[in-house]
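Attaching a single structure in structure tokens format; questions to follow.
We call the chains A, B, C, D, E and F, going by the order they appear; numbering starts again at 1 in every chain.
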Amino acid sequence: MKRLFVKDLTRDAEVNDYFIVVRKGTYLSKNNTKYMTLLLKDRTGSVEARVWEKADELGALFDRNDLVYVESKARMYQETLQLNVTSIRKVDQELAPDELKEFYPESSAASGELQKSFYDLVSGMKNPHLRALFDQLGKRKDLLEKFFYFPASVGIHHAYLRGLLEHSVNLAVMAKGIAPLTGTDEDLLVTGSLVHDIGKVEELKVKGGFGYSDKGRLLGHITIGIMMCDGLIAAIDDFPVYLGDVIKHIILSHHGEAEWGSPKKPMCLEALVIHYLDNLDAKVVGVREHMQENMDDETWTQYHKLFESRYYKIPER
Amino acid sequence: MKRLFVKDLTRDAEVNDYFIVVRKGTYLSKNNTKYMTLLLKDRTGSVEARVWEKADELGALFDRNDLVYVESKARMYQETLQLNVTSIRKVDQELAPDELKEFYPESSAASGELQKSFYDLVSGMKNPHLRALFDQLGKRKDLLEKFFYFPASVGIHHAYLRGLLEHSVNLAVMAKGIAPLTGTDEDLLVTGSLVHDIGKVEELKVKGGFGYSDKGRLLGHITIGIMMCDGLIAAIDDFPVYLGDVIKHIILSHHGEAEWGSPKKPMCLEALVIHYLDNLDAKVVGVREHMQENMDDETWTQYHKLFESRYYKIPER
Amino acid sequence: MKRLFVKDLTRDAEVNDYFIVVRKGTYLSKNNTKYMTLLLKDRTGSVEARVWEKADELGALFDRNDLVYVESKARMYQETLQLNVTSIRKVDQELAPDELKEFYPESSAASGELQKSFYDLVSGMKNPHLRALFDQLGKRKDLLEKFFYFPASVGIHHAYLRGLLEHSVNLAVMAKGIAPLTGTDEDLLVTGSLVHDIGKVEELKVKGGFGYSDKGRLLGHITIGIMMCDGLIAAIDDFPVYLGDVIKHIILSHHGEAEWGSPKKPMCLEALVIHYLDNLDAKVVGVREHMQENMDDETWTQYHKLFESRYYKIPER
Amino acid sequence: MKRLFVKDLTRDAEVNDYFIVVRKGTYLSKNNTKYMTLLLKDRTGSVEARVWEKADELGALFDRNDLVYVESKARMYQETLQLNVTSIRKVDQELAPDELKEFYPESSAASGELQKSFYDLVSGMKNPHLRALFDQLGKRKDLLEKFFYFPASVGIHHAYLRGLLEHSVNLAVMAKGIAPLTGTDEDLLVTGSLVHDIGKVEELKVKGGFGYSDKGRLLGHITIGIMMCDGLIAAIDDFPVYLGDVIKHIILSHHGEAEWGSPKKPMCLEALVIHYLDNLDAKVVGVREHMQENMDDETWTQYHKLFESRYYKIPER
Amino acid sequence: MKRLFVKDLTRDAEVNDYFIVVRKGTYLSKNNTKYMTLLLKDRTGSVEARVWEKADELGALFDRNDLVYVESKARMYQETLQLNVTSIRKVDQELAPDELKEFYPESSAASGELQKSFYDLVSGMKNPHLRALFDQLGKRKDLLEKFFYFPASVGIHHAYLRGLLEHSVNLAVMAKGIAPLTGTDEDLLVTGSLVHDIGKVEELKVKGGFGYSDKGRLLGHITIGIMMCDGLIAAIDDFPVYLGDVIKHIILSHHGEAEWGSPKKPMCLEALVIHYLDNLDAKVVGVREHMQENMDDETWTQYHKLFESRYYKIPER
Amino acid sequence: MKRLFVKDLTRDAEVNDYFIVVRKGTYLSKNNTKYMTLLLKDRTGSVEARVWEKADELGALFDRNDLVYVESKARMYQETLQLNVTSIRKVDQELAPDELKEFYPESSAASGELQKSFYDLVSGMKNPHLRALFDQLGKRKDLLEKFFYFPASVGIHHAYLRGLLEHSVNLAVMAKGIAPLTGTDEDLLVTGSLVHDIGKVEELKVKGGFGYSDKGRLLGHITIGIMMCDGLIAAIDDFPVYLGDVIKHIILSHHGEAEWGSPKKPMCLEALVIHYLDNLDAKVVGVREHMQENMDDETWTQYHKLFESRYYKIPER
């Protein structure tokens, strides 16, 4: 779909290609004519753009967060590249997962590999009720497809395509290894790991930059995930009541404390294990992403506002 | 069903009647024989009981929290009444709401009156979707019946039969009055008031003293109530998505802050109004119940552990 | 007094009118001459201004927060209007409440209407002591006049002329409606509502933008309000001691918690009701003002720093 | 007044003397007659007492917290002394400060010595306004007398007669010494030290054990102290407004943080000094009192619930 | 050493054996003679004891927390066994680790097995500096021996002999497994796991019940552990400075947050992993120990005061 | 070393002098050539600088935080002075304490005077062990020299050369005066005052602006200071164990609460005194420094982010 990526733009290039509109504003110039300023992005970065002619007319054709097709020319302005746009229109097609990756960063783990790990984990479980839960999920193609390509967060950790699957699978593998060392139920750990964040497929939206849906802001992924599991379980015959409650409890409590979004603390051993490992994986990967982007010097990152700390990159020996 | 209540017990009375078992323990007496100590209750209070003969045999016939039929005689021991039990057996029938009130305190508002207020509030709404939600609830006789006789809490506020309905209706009436003064949607306020605590019908259980169910401890009434509404709404044609999300958000946020059990703060005006009025009604009624039972002297209550304060009863003028 | 308002300024207009000085700075231009930059405001908005000539001389004639009379001409600079000032001088008269409204936004409720509601509430009380308190307040014309035109806060809620009166009266009306539903003393609720924020008439100052007085920053409106009531009550014969303490307690505790500025929690039922309704009214109106000024898109406001949340405007049906 | 103190009671002694009633209860004995159990105290300790005869009649003659005259005989019961009371009646006289010390512990510093220190501190001030404040206080004999014999707290620190004066004077002496090292105003520090806790003379009451008055519970000593100073200052000609505000601010902020009862933090240097030194003196003396009464072994105290720590008594070398 | 354990005591048995003195008190009997009450324990439980004769004389021969040799006879008193002691004396020998286990519970993992795991983990490291650290520790026989038999806490988790080693080794094994999944340094994780709690060998003391040393209460195991490592590292040639700092940082930060005792948060990836896994292991084992001792019914434990929750034992399928 | 200070720079001056590099960046100009922007400082302030020629070549010769020798000419740009740099190179010498003061602000107390106070305090102690501790410190010339010229913090309080010594000595003098008023051990207070912040000589670094060392960020001055004292004490014969623990405890607890960095609260009287006085001195001096630099108008400072308050400068009378 895309041919020319932001990172490859050069001065004076003709740029006729697809982008996502991150920002859109209309202003009055000194000689009283309207112009538009835009920020356009693909998976390799973002670029400023200006529409100097027919700003009114063109502006009516698209909106912030839309996928657009742009005809333009690159020029230098105050030492940075800028696109001088002559034509722009909304592209009304839904992007297939394959196309999304032209506009967003993606996990370094291959899609097929992660899905294989997911299916291996599921088929490795002995508990027939828990396997039935994933059979049921398999019937919800809409959910599963999103689960397979969504990021795990907007910007804290695993903030790239397939990040949600990567995080869920990694957590399940860790949990499986730790089950015998803690005397906990392996199948419950695997199930809890794979569904704990499933509500994110409706909490987040992937359109013009990772963001939150209305439902996501009003209810959050924990509540949404519990409603999803409630629906899936209701469709399974003879699913043990206590088991359904435990799975929902694992989702509900995986943030560990009320102040972090879990109105119930983990109250069974498996919920405790999921909580600590989820925290571990999210924090370690989040810090690593922070280290890749926000170093202050060779050893120290900048202050991480959410985690409330700087981080130290141990020098290579 | 009951004939003789705890508050009417007198020395040497024959007491052959129904009670709920609050506590049950078996001990070895000095001459090496087993005896049982029990605490038995009905709506008027509780009384100690002893089984001196055949403790093993009788003890196998019932458990803590059971409704039992007891044959006994009242005697004085260390200045308090005690039942000397000769026969005791579990009564295996489910108590009808009418019978429950022989064992539990109940709201001072009549049942019919409260239900009438409830139906008046519902039929007074203009929004057809919201009325449809209550039509749907009307089909769930199991839920509705419990909603009509459950307490609103185990011991903090409205801790008596029909307390849940009384609290919900009172909240709705307050909210309705305040709607024009705050420019908020009256129908949403009424709906939110009536369903905000509906999850309590599965969080609590009414058996041998108000208590928590397993599901209640693992998930809490907020999460349970949202799942209930999710199920009810799914069965209604063309229920607006945003409206369903707002109702669930009102339930989710009605405790106001994460540390008080709401992972999302109230984010729309109606959710704010419900939150503050719910707090007001629960706190005022909770303090009033505390004033009825736990005064330190004429003007001051004892310290209320949960509310972290003493309270002052303004002297009558 | 004013003829031309900020919102009506047009390019090249002669602007000879009154403004309040919000910001004042003196700089050195490239050719080593001094110039002044000013920000001037009236109730409709604010406008940048420059004094290019005689900056030293004119600058000595007024200060920040002063009311000034300006002679100037409007011109465009970098796409915004700017006043080119040739003459400016301080206007040393105290502004009458009627004149203030030319410089500040005001409540949408008419002044006479709000005052009528206030007097109706007072005369509707049965408790002679409480009516006496307001008689006493009526003798303090200085206080009462400010109480009638002050804002309720610098920027959080009811941040406009008469906001304090509007908030107090609205709270009293709500409280009156709720009194029978909570079994609380109506007269105490009305009194508490009307005096709970009275200390704001000395905590705040209305001059060149709503701000804080020295006394206000050092003591806060709660402490100031209590001292005011202490003084008023001392002048009334036979005012019951307990009643004075309760009124001061309602003022002291109306923020509800120590961390929100109330060193004592509400300890009587009436103090609880005032606390929750005050919170409700302040929050709902504060969110509504935020919705009017700071929407991020059609449905969501920007993040509100003090309230620590975004807010959702329910779509019109 | 008293002749025989609790610590000197011996078996079989005739005890006809004055005590304060700390606890009072009426019970039914096994043979259906009423008896009273009492706890009686003087400054040296407390003793259990029983009224076996005419419990109804005698019980009507006095109440908890009363000073009573008792006729009784000491006997042993379960290895502790108990008074067998035959006559008891309320003593309706107000106790003079001199008599109070027979019932309460008192400061080790002599009364005259502490008062001399107080007057020396006051007369040593150079600021005429601040001296005038204490002249005014001198006219309020009722306040000053209480200020001279009240404890500084019910049980946390300086919980003995004259503790309030001892604490205030000690704080002033410390502050005076520290003034030159911090470049702060010595007279303000002395004044702030002497009045910071003055509201305690109305917050506390000394009757049958140190306790809280209604006003004290509803308003607290900080608010009460500010109203007192407000009244005193109002009676002084030309007292500078800013100075009155600063003194009230020192009282208001001396607990340092909202969560410890100060709605405003210390905002001037003198308020900071008073806050830290007050904390230091209260904590050190409070820990020392805890060390005198609650050691777990030779080196460690028991856990102090309010201070949330154990304390270590450094071994003597 | 021991022959008869508390759990095997029977009525009328002659009990001449070793115990630890948990509690010791002297009282006056009704006939004015002194007697002593003791609580004696071994690893299987504790038993009340009384010394009726020569209480003064025998009481001088031992103290609380001492190991004593007792001659006594078991009798029933109020339905529980009690030892009637005729002779008691302090045993002044230091208990060898082998003997300790007669008085304390111990890990279910065999001592040899745990030590072998420890040495395997150490010898499996590739980093020569880190191996040198453990060589150095090997020279401190006093430390190492205690490290091999101490409990991991007084009562929260792993509160039995060898609990410290079991917890440290388990943590290291978990961390080793997780290293490749998080891209962290395996040797640092193993080292951090094995030394993170090493300060406990001086914070705790094992004498008459697990308790705290003076040093432990004043400094805590984190600070003590850092000083130990500082001493060990100082004795190693060319130990990289940054590596020493990182190891001490891992110890310092392993509680994760200031409020939990770590003045620095984990700032490198390895410190994060140790923190979360330590939490996981301590919490899971702590909850499991709570489940073994404090169930409320078959599914729910009692409320755990430190962890602030009840726990749910998933029903066996 | 320096001849021309930032505060004395004038337009068109030749500036060939020493500075510290605070900021360093390289950019591309419109005509595609590289240039560098620098911020250079000495003790009197900082100045912008530009390298227009040979930016690559010169940029390789130094780094941020380096001391450099610059050849340049001052010019005006947008109304501020800017250095036009033609030559710049790193100066590789370690700065002697005497030279440091050309680049940093310093205490107003003379160096000799502060050191004399320090030695007087030490020699005034009666406890031989504590004097021995300072003898030992005297042998660590490296530590002592830094202790004599380091700031007490990067920017909160005493943020100037010799600030650490000034703060420590001032604290000791205050503590000595307060010892008799609190009945605490004077020598322990003096010792605790002088060593409580000694870890700052390794936590901080003085190079191109006060900053933190790696060790400082990972461990903090409390932990570092304890390790230092541990080392010093280990070298003293017969230093009492309890005394060493108490000194380390005073260091450990001097921030008072876990959330402020002290994992143990002050547990002995001397630790309490040090904690409160340290807080007092740090806060008073910190506020005074804030008052010198950040006034909003004549009476109020700007908001202090760390202290979370504005401050009020009492008007001169």
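Keep in mind that, in the parts below, a residue touches a chain if its C-beta (ideal position, glycine included) is under 8 Å from a C-beta of that chain, and two chains touch if they have at least 3 such contacts.
The shown structure was predicted, so the numbers you read here are calculated from the model rather than taken from an experiment.
Asker: Smallest number of touch links from chain B to reach chain E?
Answerer: So the least number of steps between the two chains is 1.
Asker: Just to be sure I understand the contacts, which chains border both chain F and chain E?
Answerer: Per touch definition, common to chain E and chain F: A, D.
Asker: Relative to chain C, which chain's C-alpha centre is the most remote?
Answerer: If we average the C-alpha coordinates per chain, E ends up farthest from chain C.
Asker: Taking each chain's centre as the mean of its CA atoms, how far is chain A from chain D in angstrom?
Answerer: Distance between chain centres, rounded to whole Å: 62 Å.
Asker: Distance from the CA centroid of chain B to that of chain C, rounded to the nearest Å?
Answerer: It comes to 45 Å between the two C-alpha centres.
Asker: Touching two or more other chains, which residues of chain E qualify?
Answerer: 214, 217-218, 242, 246, 249, 267, 310, 312
Asker: Between which chains is there touch?
Answerer: A-B, A-C, A-E, A-F, B-C, B-D, B-E, C-D, C-F, D-E, D-F, E-F
Asker: Would you mind writing out the residues of chain B in touch with chain A in their complex?
Answerer: 214-215, 217-220, 222-223, 226-227, 230-231, 241-242, 245-246, 248-249, 252, 258-264, 267
Asker: Considering only the defined contacts, which chain B positions touch chain E in the complex?
Answerer: Interface residues on the chain B side: 27-30, 214, 217-218.
Asker: Going by the contact rule set out above, which residues of chain B touch chain D in the complex?
Answerer: Within the complex, chain B contacts chain D at residues 76, 78-79, 299-300, 310, 312.
Asker: Residue numbers of chain C touching chain B in their complex, please.
Answerer: Touching chain B: residues 170, 173-174, 177-178, 181-185, 188, 240, 242, 246, 249, 265, 267-270, 272-273, 276-277, 279-281, 283-284, 287-288, 307-315, 317 of chain C.
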